[in-house]
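First the structure, then my questions, so here it is.
In order of appearance the chains are A, B, C, D and E, and numbering begins at 1 in each one.
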Amino acid sequence: MFCIPYVKCLPLVALYGQLLLGLINGSFYALLSLGLAVIFGMLRVINFAHGALYMLGAFVSWWLSITLGIPYWGALIFAPLAVGLVAVLIEKSMLHQMYRLDPLYGLLLTFGITQVIEGTFRYYYGASGQPYPPPPALSGPLNLGFMILPIYRAWVVVISILACLATWLLIERTRIGAYLRAATENPVLVQTFGINVPLMMTLTYAFGAALAGFAGVLAAPIYQVSPLMGTNLIIIVFAVVVAGGMGSILGAIVTGYILGLLEGLTKVFYPEASNIVIFVVMAIVLLLRPAGLFGRAA
Amino acid sequence: MSILAQQSAATGELRSRLNLLTLAAGAVAALVAPFVIYPVFLMNVLCFALFASAFNLLIGFVGLLSFGHAAFFGAAAYVTAHAAKVWGLPTELAILTGALAAAALGLIVGFLAIRRQGIYFSMITLALAQMFYFICLEVPFTHGEDGIQGVPRGTFLGFVNLDNNLAFYFVVLAIVAAGHFAIWRIVHSPFGNILKAIRDNEPRAISLGYNSDSYKLRAFVLSAGLAGLAGGTNAIVFQLATLTGVQWQSSGEVILMTLLGGIGTLAGPPIGAAITIGLQTYLAAVDFPVTVLIGLIFVVCVLLFRRGVAGEILAYMRKRG
Amino acid sequence: MPIDGALLEIEDLNAWYGESHVLHGISFDLREGETLSLIGRNGAGKTTTLRAILGIVRNRKGTIRFRGEDLTAVPLHAIARRGIGYVPEERGIFASLTVAENLVLPPVVKGGGMSEEEIYRLFPNLAERRSSQGTKLSGGEQQMLAIARILRTGADVILLDEPTEGLAPVIVERIGEVMGMLKARGMTIVLVEQNFHFARKLADRYVVVEHGRGVDYFAASELDAKMAGLAEQLGV
Amino acid sequence: MIKAGWAGAALAALLSTAAQAQIANGVLKIGVLDDQSGVYADIGGKWSVEAAKMAVEDFGGNVLGAPIQILSADHQNKPDLASTIARQWYDVDKVDMITELTNSAVGLAVQALSAEKHKITINTGAATSDLTGKACEPYGFHWAYDTHALAAGTGGYMTKQGGDTWFFLTADYAFGTSLQADTTAAVQAAGGKVLGAVRHPVNNSDFSSFLLQAQASQAKVVGLANAGLDTTNAIKQAAEFGIVAGGQKLAGLLYTTAEVHGLGLKTAQGSITTEGYYWDLDDKSREFGNRFFKRTGRMPNMVHAGTYSAVTQYLKAVKAVGSDDAEKVAKKLHEMPVDDFFAKGGKVLPNGRMVHDMYLFQVKTPEESKGEWDLYKLLATVPGPQAYFTFEDSGCKLTN
Amino acid sequence: MANVIETQALTKQFKGFVAVSNVDLKIAEGSIHGLIGPNGAGKTTCFNLLTKFLEPSGGRIFHRGEDITGLKPAAIARRGVVRSFQISAVFPHLTVRDNLRAALQRQNGLAHQFWLSDGSLAVLDERARELIADVNLSEFQDTPAGELAYGRKRALEIATTLALDPEVLLLDEPMAGIGREELPRIIDLVRQVAKGRTVVMVEHNLSVVANLCDRVTVLQRGEILAEGSYAEVSADERVRTAYMGSEHAH
């Protein structure tokens, strides 16, 4: 038995189950905060539209399946691409004008874009959402002994950890990643080497957005595909990012998973507080380590 | 650097003749308006004008973008409504209690948020306000999504019957004018001079011996209290306090009002509030999603129109001498 | 003094940092294979001249012609592709990259650059520490790395900003050797240097920069005659 | 704020001077105030406006010789904005009646206002039984459903049909807790037992943890005391965790055809809900459903149908008393029985509650369904008096 | 002469890079002390450490024998140790007069009042006018500082620094960006303000240093290379090497 005094006791096996579920939410936090961190590192823009792009990823999957009959597996590739393309349009038409301004304007612009995207979708698709079933190969439950885990959720944990790892490798171990890291430190110098930094910025934004879109595809079979699905999520991800600090890629990933787990535990022991636990953690981190768990002092 | 880096509209603004003229025109308009336009709508505009101006005190004169200001507006609405309805406090005391509660909340949020700067500050205020929203959703005294309803309007100072919309309008006008006077006073006070100095160049202000964090925190609390004054008044006008007040979307709207009217100008936020509330009210019947329109205005403002209405006018006047 | 067949021609170049007018119409030319040294006091505008040529300082006026092409309208990232390499004053070694990553960071822009192996042979210190963090290197090693990474790209013009600054004499000497080798390979070099004694071993011609203008131009052969005046001009 | 053309209305008013004696301004105005762009846009939304327009057209477009005009506005879920619009409608535009009013904060605010202004509201969209309980008003009516009816239908009838142990997933706010309390009472009255409940935060997208707890409880019925996206997400994830397949029943307490359609039968199959209307109940309901479908491309739920019914009944009352005077019309509305495709033998209590039969439905499996909107099979009819509070029990303080 | 400012083993490391290493600095009361050295020698870092704009990695700082290593920057300024910045530091949206007021109002206890009119600051205006006149900005009193020419901004910055009547004045490259024509005027100004107080200045222009400084510390690679009068250090072979490069005497 695992007990929190005066609150609740839980058999250990049930606790494992709950931890596993926390990990699934953590996967979404990690993917989204990772995208935010990549974008912020390079563009110095806090992408408020991240939640809307996540929603877009889910909607594109739904749309691909009902109009073109493209199944989940196709959506896993095409939806992030489509979201990335939308991001390219946003960056090329509007966002790039923000780089020379105070970073707050980037936040405000992406906030406005979010309103437009979400409002439009709500207008055309209502709020109750669209169905999107898990792919047949991943349907059904998996009996782990201590719990029944839907196969699809197991898949989400695995694939999102892989995606995070791949992103981390891409940034830390490849030539393109080296460009990105260098340009994050000193974009001007990198340009004098002949690297097209403005193009890199566009692609970075698209990549971060595609990660959000990817998370959206993963979410579509779990949550109702609704215009509202990203609205509150983005604020939670902000809190994750503040708690983790924007400093490191690994930090964003690890904080995402940790806070997902913590939220999962709260859902068992004191569910009423599960909506605010991440914010509370953020506040505590701010008191003790203002730069965030993985951040460096400015 | 503050968000003001691109514009220089604020300096010495209210001293010019132009401003006296604007002020006079505004006063006349405010006095005549309720006879032409529906007073309840005007009261809504006035409350949000004060809310936006309180917000502007922070962004325009201290350079802090709070993305959670609705928490103060909404908290004051709840406390005022509760005080008037359950405790039976007289209306003016209820509003005052609400404003003080908002200031107290501002102290807590500000204390945490001031620890980080720039964009982080915004994200933290947003997150804390969202946390406050969830708390409001769940604590019993707010009555969840039903809100506190049927708040008595009562009488103001014991003799103005507030059930009369016109009489109430002038009371709201007086409260909002007093709030604006307070903001004007703060901006043009010795304290305000230091705030502007911190906004312009924080390291330099520190090197002159000013503990900038403490000044920012005090400004934050003042701004929260004034936002609360607006929220409390709004609660009495509509006789209710609901979750809408504390939603983060409301924080977004107040940013829009200020941006649209002109950040760092004193006339801007009320102008922005009038336009935004006007759009929300008069477009409610049009089959076009209001949020999309608001979003579009936001985008256009940020891209092309960063000085806002008042800022553009000031810049135009300045160019013409 | 325009020279026929100049590789790089700078004419009446003005530049501003914000409101501060830093370059007041500097002009000079550079022939292929030549080493030109910009000398002058701190703050005279030498570094800004390099930054203006590369377009890092955006706010600039005047003519910058490279192989006959006007560079003022060419985007920053495309200038390197013309074969111009830059070694900045602060060296610009990236903390988040390893030594090896720093070395291969600038893309190859032309054939004829050195291979990684050649470079590591030339700078054995770097080879030893190729997987450590770039900024963990000593100042001298960082300077070597900053020069080495340009050698890989095949750039045939190199703009060097104070390569000896803050370095111990032994290291300065080593850098001198490397530069001598570059010169021997036919590299065209613009060298900004306060360390006059370092510059004199390499430079073919000198431009004395003061208050954002070229105030004196002379060839290496005229140096001895100029020496006394220069010491005064350079402020020691 | 007026959607229909002013000019047309004015012209019509001129032509029918005779009516001015009876209809105060020569035009009878009905306001449809609801959420057209937010979370409730599917439950009511612009579709409710269409339903009201259909009612007016079916009524002939005028009453007592005066044209009938529909005004509509999107309150964006802002009670203060809703209040501004409602006040302006009453004070400036001389609107006679406001209907729909989804979102309980809005519903309560506007109903309170209607008492002050001596105007009629007929709420068809909000759930809270407070509207005819402690917040009841003489001119306020509540038409389509309320939390008590949902609880009595789903809780009481399912228990009687063997679902006698319950576990609740309750949204942690006023609506959720009162729904849970009402349902608990109904379950216990029918001899059932509540094994446990977990309060989840509102707008909680992930329900897996709570579903595991529900599964562990081994209750026969998992009651979802929540609404909107919370309900749909819970049902979607319940399918994933095999709740229904594992033998437990899933009962959505506020869950209409709009949500079921949004979820799709594959996911929603087997779940249970109570509604006041379903298009495929009988000939009359089918007739309305099909006409509505032709206009809007979707089948109506109980809010849309209820709005039609409420507007029609209101117009009948106006015609019957020969005036748009709120007092007289309200009196008439309290007296007149309601008998249409929506409510058979419906009657209005003194607190404004329109009592009519409710229906317990089970969502069909994809195999059973014969079309996109063939969603429900009827399990039981809950007679009106059992579904709703009596006037005495409602907590309404109005004197009879 | 007593030392106003003293440091012991002052050290600052940035991610794997030592910017200032074991510096023992002694600033004598009433002197004009120059801090020179080639680029990257750690002069500005030193400055930021003295005023606590950077947190030292090691070592201590003393002001009049009292350890001030733990103080916050604003507190150090309140002790009378006031700095200027390399890039001119004014409040661009405030007028020249308001810039001065902002500096003056702290001592008069006028900083916290938010309920008073800023007219109450008029009592400071006489002193402000004097200071403005001292730096020849009288005709610009009502001009927003952001609209001043660069040199005038520097002058304003010096005036606001003087307004605090600092005991120790730290000037970070006061001549940077100043045109040759304006140089003598600023040099005069510095000499004038140095009367009765201690000045520490980072300066590149060696003729300015020669002209002004009583004592000079030469930094190189974060360490003290030489110390003494300008004549002494400029005769020092190591210093010449640092600036001109070695004559290559093997």
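Assume a residue touches a chain if its C-beta (ideal position, glycine included) is under 8 Å from a C-beta of that chain, and two chains touch if they have at least 3 such contacts.
Model, not experiment: these values are computed from the prediction.
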Residual chain clusters - subunit A taken out, nothing else repositioned: one piece
Centroid-based (C-alpha) most distant chain relative to subunit D: C
Centroid distance [mean C-alpha coordinates] between subunit E and subunit A, Å: 47
Centroid spacing, where centroids are CA-atom means, of subunit A and subunit B in whole angstrom: 32
Whole-Å gap separating subunit C and subunit D, where each centre is the average of the chain's CA atoms: 77
Interchain centroid distance [CA atoms averaged], subunit B/subunit C, Å: 55
Subunit A, residues touching no fewer than two other chains: 119, 122-123, 232, 272, 275
Junction residues of subunit B - those touching two or more other chains: 134, 138, 289-291
Which chain pairs touch, all of them: A-B, A-C, A-D, B-D, B-E, C-E
Touching residues on subunit B, where the partner in the complex is subunit A: 1-3, 5-6, 65, 67, 112, 115-120, 122-124, 126-128, 130-131, 134-135, 138, 248, 252, 255, 259, 289-292, 294-299, 301-303, 306
Of subunit C, residues touching subunit A in the complex: 54, 56, 75-81, 86, 88, 92, 94-97, 101, 104-107, 109, 153
Residues on subunit A engaged by subunit C in the complex (per definition of touch): 175, 178-179, 181-182, 184-186, 188-198
Residues of subunit C that touch subunit E when the two form their complex: 17, 19-20, 22, 41-43, 89-90, 95, 133, 135-136, 139, 162, 164-166, 169, 172-173, 193-199, 201, 211, 234-236
Partner subunit B, residues of subunit E touching it in the complex: 51, 53, 72-75, 77-78, 82-85, 89-95, 98-99, 101-103, 105-106, 110-118, 120-121, 142, 144, 146, 160, 164
